[in-house]
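The following blocks contain the structures, represented as structure tokens.
In what follows, chain A forms one complex with chain B and a second complex with chain C.
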Partner chain A sequence: MKYAYFPGCSLHSMAEEYNMATELVMEDLNVELREIPDWNCCGSTPAHTTSHLLPVALPARNLAIIEKEGLDVVAPCAACYNRFKAANKELNEDDDLKETVNEIIEMDYQANVEVLNLIEVFQNDDVMEILEEKVNVELKNIKPAVYYGCLLTRPPEVTEFDDAENPQSMDQIMEAIGAEPVEWTHKVECCGGSLVMARSEVVLKLSRDILKAAKQAGANCIVTACPLCHANLDMRQEQINKKFGDDFNMPIFYFTQLIGAALGHSKKNLGLKRHFIGSEGLLGSLVG
Partner chain B sequence: MTNLSAVKRKNQGFKEKIEAESGQSVTSCYQCGKCTGGCPLSFAMDYAPRQIVRMVQLNMKDRALNNSTIWLCATCSTCTARCPREVDLAAVMDTLRIEARHQGIKPKEKDVALFHDIFLNSVKKSGRVFEMGMTVAYNMKSGNLMQDAELGLPMFVKNKLNLTPDKIKGAKEVKKIFDKVKEIEKVEGGH
Partner chain C sequence: MKRIGVFVCWCGSNIAGTVDVEKLSEEIGKMPNVAYSCNYKYTCSEPGQEMIKDAIKEHNLNRIVVAACSPRMHEPTFRKTLAGAGLNPYLLVMANLREQCSWVHHDEEKATEKSIALVRRAVQKAEFAVPLEPTTDSVTGRAMVVGAGIAGIQAALDLADSGHEVVVVEKEPTVGGRMAQLDKTFPTLDCSICILAPKMVDVSGHPNIKLYTNAEVDKLDGYVGNFTATIRKKARSVDEEECIGCGICWEKCPNSVPNKFDMGLGDRSAIYIPFPQAVPSVPVIDRDNCRYYETGKCGICQKLCPKDAVDFEQEDTFVEEEIGAVVVATGYDLYDPTRYPEYNYDKYEDIITGLHLERIMNASGPTDGKVKRPSDGKKPEHVTFIQCVGSRDSQKGHEYCSGVCCMYTAKHATYLKEHYDIDSSVFYMDVRAFKKGYEEFYRRTTDQFEADYLRGRVSRVYGEGDKLIVKGEDSMLGEQVTLETDMVVLATAVEAKPDARKVAQTMGVSYDESFFMTEAHPKLRPVETNAAGVFLAGACQGPKDIPETVAQASGAAAKAINLISKDEIENDPLIANCDTSRCSGCLRCIPVCPYSAVTEEEVTEWNHGEEVTRTAVNVNESLCAGCGTCSAACRSGAMNLRGFSNEQILAEVEAICL
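Showing the complex of A and B:
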């Protein structure tokens, strides 16, 4: 299986560990990812809150490059995924917009590229079969609260992915590698996202609610597929403890990091040491 | 008390404009409040999301464009997913922010707007976001010089900070996209 790969800005900087783990795991599962040459930022939230055209034109340049290569694209970052899907939908519904955007990007994009998030790659029977075959580390007593956040499932008309209120697909992957995901309340709640720069206290409250819900449900870690959720929950956990007098010490994993652990990869290669909240206590001797 | 008849006369066409630009039928909203009930940010907003919709329905342009709510909306789209009248309220919020900018209204949450500008400037410059440069620029311009300074060292130690921007070959093409969009929206926005 072969896909075009759009890592996005975060996976080349703050969330590089998500990229590292994803590349290792995909290789193990015989999924070939070809990084798009010279890709640009999707524009994320700042583009669509500032302009009607920019949030379509920025993804369209990337999608046009991919369309030429005749591949579908995998976007591991929830925000990039969401913006790609939104741009495709708008372009497919409005021929005038398509014409304008093609003029802007000076390319000819017909909006035929299929966009997948990374979880969707696992919805293929072959991939799951290889995964189950290759799992060689039993993730005993790993009880993740599987956190989907906003951008993977909403708006449902845009993403057309899983159930918007109670998604299961990432939980199923966790079960397949031997982890025991908990039932919890905050699967699709918002962490506050990019408001963290301008109104950090608001984001600390929202992220705290998520950590609290996970802890109350008996989880000993949180699993995510979004770099911004990860940054808010991991890097800000100490600020949350300070502000609210909590004592959270909850490791936050990208879901491919746990898969990589189950496949026998080392902490170092999975970038686990890049996290603010250490996972040595939880993973112990399971992971080398 | 607001004299609604006078407001309606003065701002005639505002609701239609927001509906056309967002592609949403604001008229359909029957004010059930489900958007507000599910909104994770409503606790921090000056008006509930439901009230913003009502303001648009009543052509209360000044209030609809000058409040903290439109800037604090994180576009998580919980409202959109749950609306029984199928109004994509997150899209309406986007349109209101864009309209407020076109009208030159000073954003009530100025740092939110500032962050968006700085983020986009970073993309315009190199084609991708340069997180560290963006953060420094934001801290300088917002006046919160030491914001998150305590995160800097651990981020550096954990190799989470790229010290140089990831400039792409097509950076000029990306800049051109920004320029063309600006030109087109200037004409369409009529300002």
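Showing the complex of A and C:
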């Protein structure tokens, strides 16, 4: 199996450990990821708050490069995934827009590239079979609150991924590697997203709600597939504790990091040490 | 000699605004077979009709073309005009200039040109029009009502009171329907069962009503005025004649199953009557949950019954009933709120629907009328209502407004405060309280009973400790709100029953995209259907509250009485007819007929001095609905649809195309 790979800015910077773990895991599962050449920013939040054309044109240029290679693309960052899906939908529904955008990017994009998030790669029987075969570390007592956030499932008519209110696909992957995901209430709540720059108090409150719900449900860690969610939940935990008088000490993992751990990769190779909230206490001797 | 008169209608500005009516009548007047032509502002008005009558006499006209609107509404009007002038009404031909020309075009010149073609067509058709006489049929003076909720009960009583026999068929073991489940009714807060039960008793005791409960209509044959219904009486396992309703059986039954009538909140026995006021007061055995049927042992009810009425071997039986008219009143169902995963209806016991709350508040309900939480039996201090669950949501539910939820929620909030001193918050989209006394009721709910109305949708409901957390939006303040509450009540949408489509097909009634049965005309024929002799009452036609249901039921009954009190009815003469001398006996018309009106027959004729018997077909005039499928399928041109004969259609084609 072979996909074009769009890491986006996060996986080359603050979420480098997501990239490290993903590359290791995908190699184990015989999924070939080819990082696309000369990629540019997906547009993220700033583009669509400033212009109607820019948030379509930026993904379109990336997608046009991929279309030429004849591959479908995997975008592990939830924001990139969402922007790609949205651009594809808009281009497919509006021929005039397609023409304008193609003029802007000076390429001919027909909007035929299928966009997958990283979880969707696991919705393949072959991949899951290999995964179950290769799991060699029992993730005993790892009880993640599996957190999807907002961008993977919403708006449902754009992403068309899983159940927008009660998604299950990442939970199933966690079960497959022997973890025990908890039933909880805040799977798709907002973490505050990029408001962390402008109004950090909003993020502190929303992220605290999520941490609280996870703790109440008996989780001992949170698993995510979004770099921004990870940053807010991991990096802001100490501020949240200080502001609200809490004592959270909840490790936040990218889901591929836990998969990597179950496949026997080391803490170092999975970038587990890059987190603000340490996971040594939880993972202990499970991971080398 | 044909003398055709053409009357072009302006329809105010509807036609005259786009079509040059002056030019049109002038051009048509030049046609050789047109003896007279004119135009008039409102031809359907009384002076308009008088003008036609006068022209018929003055110009000795014997075929009439009215170029106006769709024949659907006014063909009957102008047929009467012709009859009033002594002409056979079927010598009228209409040209539809409004729906098929002026309303859909803007270019006056082209629209006028098209109008001329359309009227030419009608004139050429009129050239071949022949006088037709309707045949008559006898009428069975009885009616059948399907469904015995408040709609069916009202229709049945009206029919029976008019002196006609009525057959009532109810699927459940008792009459009463949804209204029997309700605690109070808005806006008067009448006790629902108190106003319904007397009517239920009337239905069972009325000398003109024959009641089948635990029964369904399997088949409806025949045609308007002369239907035969095949009714399946489902095995009750109790002999209705013998049972005296003493109650020993259900008191002693050792099995206990969730009570469907109480929305599963309480239990009932396996042999049961659904509720204390059930009519008839004859129990039924729920065979899926009865020990005798599960293990072959037990049989306590049979042993204890003083009348030997319990019959484990009873089987479904079938009866046929002859009737002249049918009123369909099969009711509605409620939307399944698990389709909103964010409300977590299936995860928390204290998230319930409005109908659950009705049962909880009801004195004969599972909590004897005390408001308690299903989870721990504690009295809630605060209840949160969520409106439009499945209504006005084309993504997850139905696009339509269910029409009753705003009022039943206001009723719940009022009653909780007034009788139990429980506070409530209501998340709503718009409050629709537009009928008599409704707005006043809603005002009292907010002002006097202090319900906290929040305009906005709820994004999530979940449990925290023994509380429920409701997160939503207050769009008036533009703020997110989070409420702590003890119980959540979802105002679930009214929707068609799961078997509504099957029922509609059995009755020959059409249905809309939501499977509500369709009336013949949304404004002017609201209780009739496109199946002659079949009428609609209540929520099977669309969501409605009790007053509207009762009004419609009485309307349907009146229409049915109108039909079955006649000694005979006229059949529409626009039906198919086979010229057996041309029929080749290929029988292609038989399988294509949707009404099974064409049958094979042997004809005997003289051919070259020999008597020859061969196959041909015959059309049953009562069954034929005049769709014309047979005449289109006929290879030898033997099958002709009266009023749309082959020569008429060819003349029309020629007039338009040549």
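Everything that follows uses one rule, which is that the second predicted complex is superposed on the first by the 288 of 288 C-alpha atoms of A that agree within 3 Å, B and C clash if a C-alpha of one lies under 4 Å from a C-alpha of the other, contacts with A are read in each partner's own complex, and residues count from 1 in each chain.
Here is the rule we go by: a residue touches a chain if its C-beta (ideal position, glycine included) is under 8 Å from a C-beta of that chain, and two chains touch if they have at least 3 such contacts.
Since the structure is predicted, the reported quantities are computational estimates derived from the model, not experimental observations.
Once chain A is used to superpose the two complexes, chain B occupies space that clashes with chain C.
When the two complexes are overlaid on their common chain A, residue A:Asn166 makes contact with chain C while staying clear of chain B.
Judged by the number of chain A residues each one touches, B leads among chain B and chain C.
With both structures placed on the common chain, the touch criterion links A:Glu189 to chain B and to chain C. Within the superposed three-chain model, A:Gly43 lies in touch with chain B and out of touch with chain C [touch as defined at top]. After superposition on chain A, the stretch of chain C whose C-alpha atoms clash with chain B is 475-483, while the remaining options among 61-69, 169-177, 475-483 or 601-609 stay clear.
Residues 156-157, 165, 189 of chain A are contacted both by chain B in one complex and by chain C in the other.
Chain A makes touch with chain C in their complex at residues 156-157, 163, 165-166, 185-186, 189, 213, 216. Those residues of chain B whose C-beta lies close enough to touch chain A in the complex are 21, 40-41, 43-44, 72, 74-78, 80-81, 88, 90, 94-95, 97-98, 101, 109, 111-112, 114-117, 119-120, 123, 127-129, 131, 135, 138, 142, 147-148, 150-151, 154-155, 158-162, 166, 168-170, 173-174, 176-178, 180-181, 184-185. Within the complex, the chain C residues that touch chain A are 340-342, 344, 395, 460, 462-464, 469. Those residues of chain A lying in contact with chain B across their complex are 9-10, 12-14, 16, 38-41, 43-54, 57-58, 61, 100, 103-106, 150, 153-157, 164-165, 188-190, 192-195, 197-200, 202, 205-206, 235, 239, 273-276.
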